[in-house]
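Here it is, the structure, as structure tokens.
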Amino acid sequence: MAGNSFGTLFRLTTWGESHGPAIGVVVDGTPPRIPLAEADIQHWLDRRKPGQSRFTTQRREPDQVKVLSGVFEGLTTGAPIQLLIENVGQRSKDYGEIKDRFRPGHADYTYWAKYGIRDYRGGGRASARETASRVAAGAIARKILGDAVRIRGAVIQMGPHKIDRARWEWEAVEDNPFWCPDRQAAQLWEGFLDEIRKRGSSAGAVIEVVASGVPVGLGEPVYDKLDGDLARAIMTINAVKAVEIGAGFAAAALSGEENADEMRMESGRVRFLANNAGGILGGISTGQDIVVRFAVKPTSSILTPRRTVDIHGHDVDISTKGRHDPCVGIRAVPVGEAMLAVVLADHLLRHRAQCG
Amino acid sequence: MAGNSFGTLFRLTTWGESHGPAIGVVVDGTPPRIPLAEADIQHWLDRRKPGQSRFTTQRREPDQVKVLSGVFEGLTTGAPIQLLIENVGQRSKDYGEIKDRFRPGHADYTYWAKYGIRDYRGGGRASARETASRVAAGAIARKILGDAVRIRGAVIQMGPHKIDRARWEWEAVEDNPFWCPDRQAAQLWEGFLDEIRKRGSSAGAVIEVVASGVPVGLGEPVYDKLDGDLARAIMTINAVKAVEIGAGFAAAALSGEENADEMRMESGRVRFLANNAGGILGGISTGQDIVVRFAVKPTSSILTPRRTVDIHGHDVDISTKGRHDPCVGIRAVPVGEAMLAVVLADHLLRHRAQCG
Amino acid sequence: MAGNSFGTLFRLTTWGESHGPAIGVVVDGTPPRIPLAEADIQHWLDRRKPGQSRFTTQRREPDQVKVLSGVFEGLTTGAPIQLLIENVGQRSKDYGEIKDRFRPGHADYTYWAKYGIRDYRGGGRASARETASRVAAGAIARKILGDAVRIRGAVIQMGPHKIDRARWEWEAVEDNPFWCPDRQAAQLWEGFLDEIRKRGSSAGAVIEVVASGVPVGLGEPVYDKLDGDLARAIMTINAVKAVEIGAGFAAAALSGEENADEMRMESGRVRFLANNAGGILGGISTGQDIVVRFAVKPTSSILTPRRTVDIHGHDVDISTKGRHDPCVGIRAVPVGEAMLAVVLADHLLRHRAQCG
Amino acid sequence: MAGNSFGTLFRLTTWGESHGPAIGVVVDGTPPRIPLAEADIQHWLDRRKPGQSRFTTQRREPDQVKVLSGVFEGLTTGAPIQLLIENVGQRSKDYGEIKDRFRPGHADYTYWAKYGIRDYRGGGRASARETASRVAAGAIARKILGDAVRIRGAVIQMGPHKIDRARWEWEAVEDNPFWCPDRQAAQLWEGFLDEIRKRGSSAGAVIEVVASGVPVGLGEPVYDKLDGDLARAIMTINAVKAVEIGAGFAAAALSGEENADEMRMESGRVRFLANNAGGILGGISTGQDIVVRFAVKPTSSILTPRRTVDIHGHDVDISTKGRHDPCVGIRAVPVGEAMLAVVLADHLLRHRAQCG
């Protein structure tokens, strides 16, 4: 396929550039007769919206979603749903330096090398602005999954600073600008990020997203395993460099006795005594929490001058002025949640198709 | 799609169970007029073959591949290539315990819950035996990529024991039974694994696969990014729980200055001064080495009795007798290499389609 | 997949209902650096536009296309191209009868039965208005094919009245409101259709679309044969009930000697002495004209009261007031041309991918 | 995708050449726990088998199917089912003429032009032998559809000789070697075909396949309409040049009053008063019989010398010796039935996925 679609039965196709007239997504395959209003989608977009604290970009992106199709009298019809978000508030005037120079860590060079042309305004198609479409589609995915499935996310490492998992409180996540579940860590991060921001540098992050209440049996072996699709879904988010499920990389250091989650019956149902598997065995959900962790690299746009080359093949330097996130990882939380929802919704439909 | 296919233009469809009459793969989309003999494929299968040292399972799987279609007078024709490997040497006689009990860490429970039926003999479809088909297909992918692209892999962590990257020698990889690039680490691992094996336990591993000579421009943003497809390709390998590209999780702890790879012109070509990106920016190859790292959990089949449940809903214990790998991660090296080759071959064709 | 996409590498995803705010199409996979302006697309949309003669519906659909993405400084970038057409001039006020009653020959009943909900305004998603998106996408497909490939169409039968192929003049097609290549037939049809229109009835039509200059070798056996994809592309156009290639149904009555097109060398190239194959053998283009013929049923909306049922399970009658095409087949000509272009563009890219 | 697969959730991937060691098909996406034995598949293969009368090729193709995967203890497991048919009884010795010369009406020239190589033995991949895989897969599709859905086919025109539909008896179909539902026509055809066969010529045919008992609601608008998928499924069968649904081409000559099928309630269910729609409206099944008609061109291999060219670019003549069907259309009946079953099974699963 052409590259801008995701999913098999519940299927997104996104389009649009950072500084074009609009961005959007066609959401195809939604079951009919699900109540859906623009406000249902706006709710999740607002969580991703920048400019909500000094730790995210000060650009103003109202990100107002419009539903152009697929909904009739407040209900989905089964037809494709076009969600459109107009781009407003871009300052496209001056792209002098960026126009000809490849910013290190960005997709500037590779787009140029691949396509021989590139929309350099704000990153064009490679801008993280595309993730607004994912969040919008994720809102519909959540509707398909229903209230029994709960999807939440948190930042668990900011730069080199990890949280203490013993202090994890889901409630804390909403109380600080970092989606941090550890109140003490959140305080530390505030100073850390302020310092980073002031000197025009940036920091990476590790995010954890969790789905609870997922039924047993989702996932299609062997190439459409649930974890395979999740890995792809997450890795395609801008700036993500790593994905793990359950114990993840730490599993390599465990013994077989420690790693394999034992089972016991409890009230007539299978209960796992641990969750190193992260809720997935053989590519199929176990009914436990699905736990996905991913790393976001530090924002590549920083104030320090960097060595690079230009489109004419000359060595040049570049530094990024203007408004940027000191840590893009923060805004990746609602995006990671959305992609988890999208993958689960697709597999829910696929499972129903084959297994009834 | 149905779940047993991978790739868009260069496309695998695998089939077969561990203890059925045969396993195999249909490889579709191979360009015509590529010289291909069974020996070209057998070469790579032999590297994956078990029973080559005391550190891999002592099962005898000759894994002799037959080419049933798509090749005529020694050349590919463009038609689908069916590769078939007969299953010989299974000891299917006694599955008493395994038949009714779910082995912790295996797909037994999830297959049963999803399908209501499961071929319990040797793991059935969920067996790592399926990876032989991947390796066979990978041999064709390498032919498509040609000699300019070199794909290699190594185990870089065995259980908790990491290599020292300063001692990395690619030549060392062929000289020890662990594909270990650090000769000192290899010696240490020998004692470690012997001990693990003797007490019937198991260890995990971390593998690194690297592709050199990959042209700039492979990868299709935004959902078919090269790293997205690699993440899926690798995560669908049995027992894999984590995937990272370039600096991976470590990128989260870097500053923007440290992470973004700078560029300079050198002999008329763009040269990157580091490779934290692992050869991929914006989902598109940069021309640098593509570096993928992944974690394999410890073999779930161990001698120690484990708590579990059976298909009748009773609490029971289970321990695995018979021949098993103390570390399945070792045999994952040729599989990881194969999946890297498969993804690159697919994207080479896709890039040629759109960009000529 | 979800059902609203077409094509593998050059891929459309359409969305929108007849009486919603807008319709549109995401065109993914377009090669980069192709000059593309809104006017290039508008040209073809204008040919499909209704209200141009008394023989097509008098509804006013300005069908003004907007390019929202994928084009930068007048050139395609390789990113998805969103084409949006606002819906203006619908008279949605009064749907009294249609709201609850299933119009015979329309998709009213099947949408209701399938989805349990239906946007009844103007046919909703099932409206032929969707074909505007096809025509818009077809304009981009023509750009990919380039000037060497010429795609034209004509109505060759109006109701029971066939043209005389001996009088075929391509120039005539532009000179009458029926796209009729036979000037005498066009005159006859005028009276015939006037009579049909006046008594509120409708007529079917047969359309022929032809692509000249198509290179040898397009088409992917065996399930993605060029004729297979064309058959699907054409059959999914509203009201189409039959598709044939070359001699089509007439081939059944020929002898083997008459049917198989002989070959001779001419100026160093293979020349076929006839074209019963319609330019396709074994699912692959021969280099001859590709000839596709299809039947469009008579417009189902007519003045005569018809027996039907309503959503409450009662027997009722229905007749359609308002503006309707006496023969929808006329406006199917540019749509058939567009779908032919779309299929050829996709296969051009696919052929380049596998065969270089 | 690569071209040798069909279907979205119920998905075939076929492989193999006429004179290679074997042909086969991977059937993916079958629901679990369906009873399936080799005999269930063999039953349908035997109906397609050549050499059963003097009107089909005298080649001996025992076509013995083997189930290599996906079935355990007599039940499907949900895993991919590999069906393998060994090629026996080919006389591959002498391909002198055919090796270098392009047979008119065959895919020889286009395969050569596309791929630059071709397996000329018996047509290679382009041989109608591939249709045995379709029939085998169709047997599984019928199992998914269950007994409530009945799929039957008949030859309704042999060369120029049509049946009289007033004399249609389904029982007659099994009583003559032509699957002819009109006993009088069958007698006429016997003489006609004998004469054709004796002078080494060939005849085309028109086949009608019908599915009864199909539930309302199958089909995914707008590009995966049921009729769109059927058109593609049928058009990809070897030698097919035309497909129509319901009234098909004849619909063009009907008036709106005649064509649109009226409805009435009957015993609480919707009943259509005619079936010009062929059981499909708006791409979705109506619950009526699904009626598909298609034309098969006359066998291109005939005794009469034909003008052609060779791979060296010389004008040459060619005539086909050996065993060939005077009318390949006869053997297309079980193939058409199989493809109808395959499309319906896929859409049954897809409908269940989206609409529950």
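Labels A, B, C and D are assigned to the chains in the order they are written; within every chain, residues are numbered from 1.
Methods note: a contact is a pair of C-beta atoms (placed from the backbone, for glycine too) under 8 Å apart; a residue touches a chain by one contact, two chains touch by 3 or more.
Only a predicted model underlies this, so the values are computations on that prediction, with no experimental measurement involved.
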Decide which interface, A-D or B-D, involves more C-beta pairs in contact, and give its chain pair. B-D
Match interface A-C to one of B-D, B-C or A-B, accepting only the pair for which over half of the contact pairs are the same residue numbers. B-D
Interchain centroid distance [CA atoms averaged], chain C/chain D, Å: 26
Length of the line joining the C-alpha centres of chain B and chain D, rounded to whole Å: 39
Indicate the whole-number Å distance between the mean C-alpha point of chain A and the mean C-alpha point of chain D. 46
Two-or-more-chain contact residues of chain B, please, as numbers and ranges. 1-5, 8-9, 14, 29, 32, 78-79, 114-116, 125, 221, 350, 354-355
Where on chain B is chain D touching in the complex? 1-5, 7-11, 13-17, 20-24, 26, 28-29, 32-33, 66, 68-70, 72, 75, 77-82, 114-119, 124-125
Under the definition above, what is the set of chain D residues touching chain C in their complex? 1-6, 8, 12, 14, 102-107, 109-111, 113-116, 125-126, 130, 157, 159-160, 196, 201-206, 216-217, 219-225, 227-236, 241-265, 268, 270, 273, 276-278, 280-287, 295-302, 304, 306-309, 313-315, 329, 350-351, 354-355
Quick check on the complex: what are the chain A residues that touch chain D? 8-9, 29-32, 78-79, 221, 349-350, 352-356
